[in-house]
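Here come two complexes built around chain A, the first alongside chain B, the second alongside chain C.
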Partner chain A sequence: MADISLGGAPQNVGSIQSHYMAQVQRSRLYGGLTLLVFIVLMVSGFNVADDRNAGGFWDGLHQIGDYPADVLSEAWEKRTDLPGLLAKYFPALVETINIAAVSTLIGAIGGLFLSLLGTRGLAKWPRLIPLFRRISDVMRAVPEIVIALVLIFVLGGGPVPAMIAIAIHTAGALGKMFSEVAENADLKPVEGLTSTGATWSQCMLLGVLPQVAPNYVSYTLLRFEINIRASAILGFVGAGGLGYELRNAMAWGPGRFDEAGAIFILLFGTIVFFDQVSSRYRNRLTEGQGQ
Partner chain B sequence: MLKINALTKRFGDTTAVDAANISVDKPTMIGIIGRSGAGKSTLLRMLNRLSDATAGTITFEGEDITALRGAAKRSWQTRCAMIFQQFNLVPRMDVVSNVLHGTLNKRSTLATLFNLYPQSDIHKAIEILDRLGIAEQAPKRAEALSGGQQQRVAIARALMQDPRIILADEPIASLDPMNAQVVMQSLRAIHEEDGRTVIANLHTLDTARRYCGRVIGMREGRIVFDGVPQQLTTGVARDIYGAGGDFSEAATSTEIETLDRQEVREAAVIA
Partner chain C sequence: MTATDLSLAKHDAVRLFERKRLIGFGIPTVILIYLTYIFFVFDLPGLAQRANIENAVTLASDSWSHKIHVTRDNRSGDVTYAVEGERKGRYPEGQRPAWVTGQDVITIDLGGEHIVRYLPESRTEIEIPGFPLIQVQAEGRNLVNNLPDDLPDWISASNRRIGITTPEGRITLTGARTEVFNYFPGWELFWFTLDSPYHGQGLGKILFGERLDPNQSNLTGALSDWWNNAMWRHKDVAWAIGETILMAFLGTMGAALIALPLAFLAAKRFSPILLLRAATRRLFDFVRGVDALIWTVVLARAFGPGPLTGALAILITDTGTFGKTFSEALENVDEKQIEGVASTGAKPLQRYRFGVIPQVVPVLLAQVLYFLESNTRSATIIGAITGGGIGLMLTQAIQTQKDWEEVAYYIVLIVVMVMFMDWVSGWLRGKLIGRKD
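Let's look at the complex of A and B:
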């Protein structure tokens, strides 16, 4: 052995080796048991779900392609109508995007306040931090579709209940994400501004927002993508927009599958488009700043 | 054995390494010195194939290293271990697991997932740790160790690869003088006892002079000096570092004994 063992080796190597091997054996045993439990849970959970299913998973599995095949074949037969249908449903698409955009904007503003009021070190009323945190928890815990159903019941069908429902969920979700960013913000500028006699809102505006703005905008854009999908889904429960038309087209069954096809094309196209645009902007915001 | 021919690396308009030529015939301990940004790290990273060369070739025993892809490239990386300034261990895993990472090239991803290392490898890892004097740290998490200990774990990981060449990128730059000495002595011992080639980027002249059999000086991407430590006069050192007449070797020293030297005391008094 080399004479470099400056740390000294009071224990001999053999005992360290056997100790470590025992430790490895134990962790392997635990790992194996965890894996076993996982497999048992997977198999039993699957069986329970399969038993309670109306059909059977294995019986239905080979039919999984039937419906899309019907839709596609009918849409293909009537492909000459497609441009006309795309034009017909374009206003509905605009409505869907509108719902998503307005609700994202309102939700982001709500989330901004919730996050600043619910972050330790930044909050105006430190004692109320738990309150604002619970508010944002509740807002994002309730699914959009539940809020939308209640509001449609109260306000009647249309885009406004959908917008409010998505805005509430967005405010809760963004409030959480925003406050995680704000927690890592440097507090020195805030202290500097407070020392000049600035108010809380001035401190937040000039001390915190410039630091967190790129991340906030990036999260908001991500949320906008999610909200386009959400507003399309809410159409299914009568909140207007593309989802409403899609439900009608699909519920009528064969005969209107060409319309369903056109709506799918519009929806996929829009989601891919906004995905691409916003991911490009988010990359620019988070990586190459000032370039 | 190892031959580097006109190796060049460009990042946009800047040339980090400019047509470097190095030839190593027998296992040697080589120190590369130069200012920050002289291209030392880039050179080592190209040797390990962490980054690709813009032009030029690296040949090891007749094999063109720069042309390797996929599995052949990973196999070369096993034979050419690397040690980093910030140790680059997995902080939350225990010391022995970190050392066993040196065998990853031989293991499948599935075996790695379930931590199935053969007992012989585990024993060998602990023997290597014992050789470096840190065997009793074996079951601890890597992040719980001091910097010097972590760097020795990194050396143990490199040894576990059983490499022909060990590259060390500023191995002692984050360590205090005492630990720096231990780490450099370990690298020297590995070179002498195992006959492995060690190539270390160093930022202090006296370390290079003391531990290395050959010193290469780089300035602005070019190799401006290549010789034995005895040829490394103060004039040559000034040229490598691009320093003026006020440059003194002691000023860059991390050795404890330097503090007793007369010129340093005088410098301290003036300052």
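Let's look at the complex of A and C:
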């Protein structure tokens, strides 16, 4: 409507209406075009993906249930072994959780420093802000698998490559989220502390951290959920833990499907459990902040 | 304020301080104890022995340099010259690097006065400054040499195999063949392979010079030779990156399209039937909990390896995530706007279209676009498992354990790809929602 009043000349209802209708039509046209482009992209993308896939979508659709059915039926036949298998793979589960926990912890500490050093107003060396931001961008952009595979080559298989890989990505990802929170932090406590002669680390520890801690903890918990999944996946490419056992059980094929089934159950249970716990705790954190 | 009040307040304050102090020291202590536990569980002390430093050195040097192999087959006496020792990097007949001279006696100048001579009848002479002339004669499967008994650690020798590593290059000798590796910085043959007429020509000459291939213009020829470069496979790499982005795009957008109607079923305000609501929510929790890894495994059995499988795995997992966040967004919708639309006599569908959708679209779009970027990363990982896209090429290159320059190239491409998608999603968010982060 703003451009109508800017037009200057007095306008009657009819011309306002026609302007409005023209505007609506234009926005509908743009909306329709965007939708059209989107549909074309989706359909052609689907066709390309279908072409390049080993098996077609429509042929495979009715086979989706076959593999889970095989696994489940074999696991059901050997259901008496299940508790034993669950106990057998429990150490692998602990390893997967440990990888996720340590990497989240190290990543969060790294992200904390990256965020404080990369936020305007808080940075110790304001000139280096772009540098720390770029570092965190690059760390965030590197998929875990890249670092994990290279480190497996150097360090050998096991949990350490996965831990380092996830920690690096976590530091980058949390660095960005943390710094968004830190940007909104109140700077007055920092000023007050500076006036008493506090050092930079004292300012951050006593002035900024108490303000941002609830959000930081909440983001870290969210990351922990994500990292459990990531650590299971990295196990699949040789980094130990539950994913590694899953790959071995699957490579064996029928006959060890009961083991695959046990691992599925453990993985599913763990993910759901930590999702629930962390989302409950995160809700409490953010609610507590609102009061 | 009475004295009792004051002492009570003081008591409270002291207790609060004690608790804070406990937390202040307790949390770091717990973290430290946990890290110590991990230190031993993950066997970090043993890691030093397991770590393969030689691998790390190969990796670090190979990722930015390449080597040219000069190989003599000791049975036939033929000498071949090949970049990285690969068939597709072989020098065409009659061509060889400039640091190799001679016909009967082939002299290889590695630089720094390190010289290797291939003499007739499977004899080899190696000149290394500060070391006596090494002479080796291959006889059948054995090697006869004049090496002293106490060897420096850069020479390893048995009567079957001799390996010499110098700063200028590496030499290995066996009964069957003699090989010299000369190292050079840079990614060789990145633009053109040796059989292309454009190899070794400057950019100016390709663009403005006379035709190198009379049948086509320089630009077309150069582009097609680069695109079909057998060594670096630019065409396959481009397709692989396209596949990875496609997986992320199809997965994310498909998930959003499926999750939106389901989210209405899961939101309290729009779905009065408790059972239906609970069922939808459990469905979201289930597909999210099963996780992309297991979906990938299950789907790969049905659809075979490829980008479609990866896209579907992302789609199914993210349907759960989107469903959850979308339904939360729908529950927080402002009632007034819907009432306002209803007061004009709008039917239920119109109420949703004009009362609800405009309120939630910014939240949903922001979520979807954020996931588009993060799924590009997931698609790389899923591709490595299910066999599609740049993730597969990366794992293959790493598994061969020698093409580290290709690994480095793929890593750079992956990082650039993810950053590009990050930028695209930020740009789209700015365009569609009108807010830049």
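Convention: the second predicted complex is superposed on the first by the 278 of 291 C-alpha atoms of A that agree within 3 Å, B and C clash if a C-alpha of one lies under 4 Å from a C-alpha of the other, contacts with A are read in each partner's own complex, and residues count from 1 in each chain.
Throughout what follows, a residue touches a chain if its C-beta (ideal position, glycine included) is under 8 Å from a C-beta of that chain, and two chains touch if they have at least 3 such contacts.
Note that the structure is predicted; figures quoted are calculated from it, not measured.
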Touched partner set for A:Gly31, first chain B, second chain C, both or neither: first
Which of chain B and chain C A:Gly84 touches, first, second, both or neither: neither
Chain B versus chain C as contact partner of A:Val13, first or second or both or neither: first
First (chain B), second (chain C), both or neither touched by A:Met21: first
Touched partner set for A:Pro126, first chain B, second chain C, both or neither: neither
Greater chain A contact set [chain C / chain B]: C
Contacts of A:Leu41 with chain B and chain C, given as first, second, both or neither: second
Set of chain A residues, in rising order, touched by both chain B and chain C: none
Residue ranges of chain B touching chain A (in the complex, touch as defined): 96, 114-116, 119, 122-123, 126-127, 130-136, 138-139, 149, 182, 185-186, 189, 193
Of chain A, residues touching chain C in the complex: 38, 41-42, 45-46, 48-50, 52-57, 60-61, 63-64, 66-68, 95, 98, 101-102, 105, 137-138, 141-146, 149-150, 153-156, 158-160, 163, 180, 229, 232-233, 236-237, 243, 246, 250, 264, 267-268, 271-272, 275
Contact footprint of chain A on chain C as seen in their complex: 31, 34-35, 38, 41-44, 47, 50-52, 55-56, 59, 243, 246-247, 249-250, 253-254, 285, 288-294, 297-299, 301-309, 311, 377-378, 380-381, 384-385, 387-388, 391, 394-395, 398, 401, 407, 411, 414-415, 418-419, 422, 437
Partner chain B, residues of chain A touching it in the complex: 1-11, 13, 16-17, 19-21, 23-24, 27-28, 31
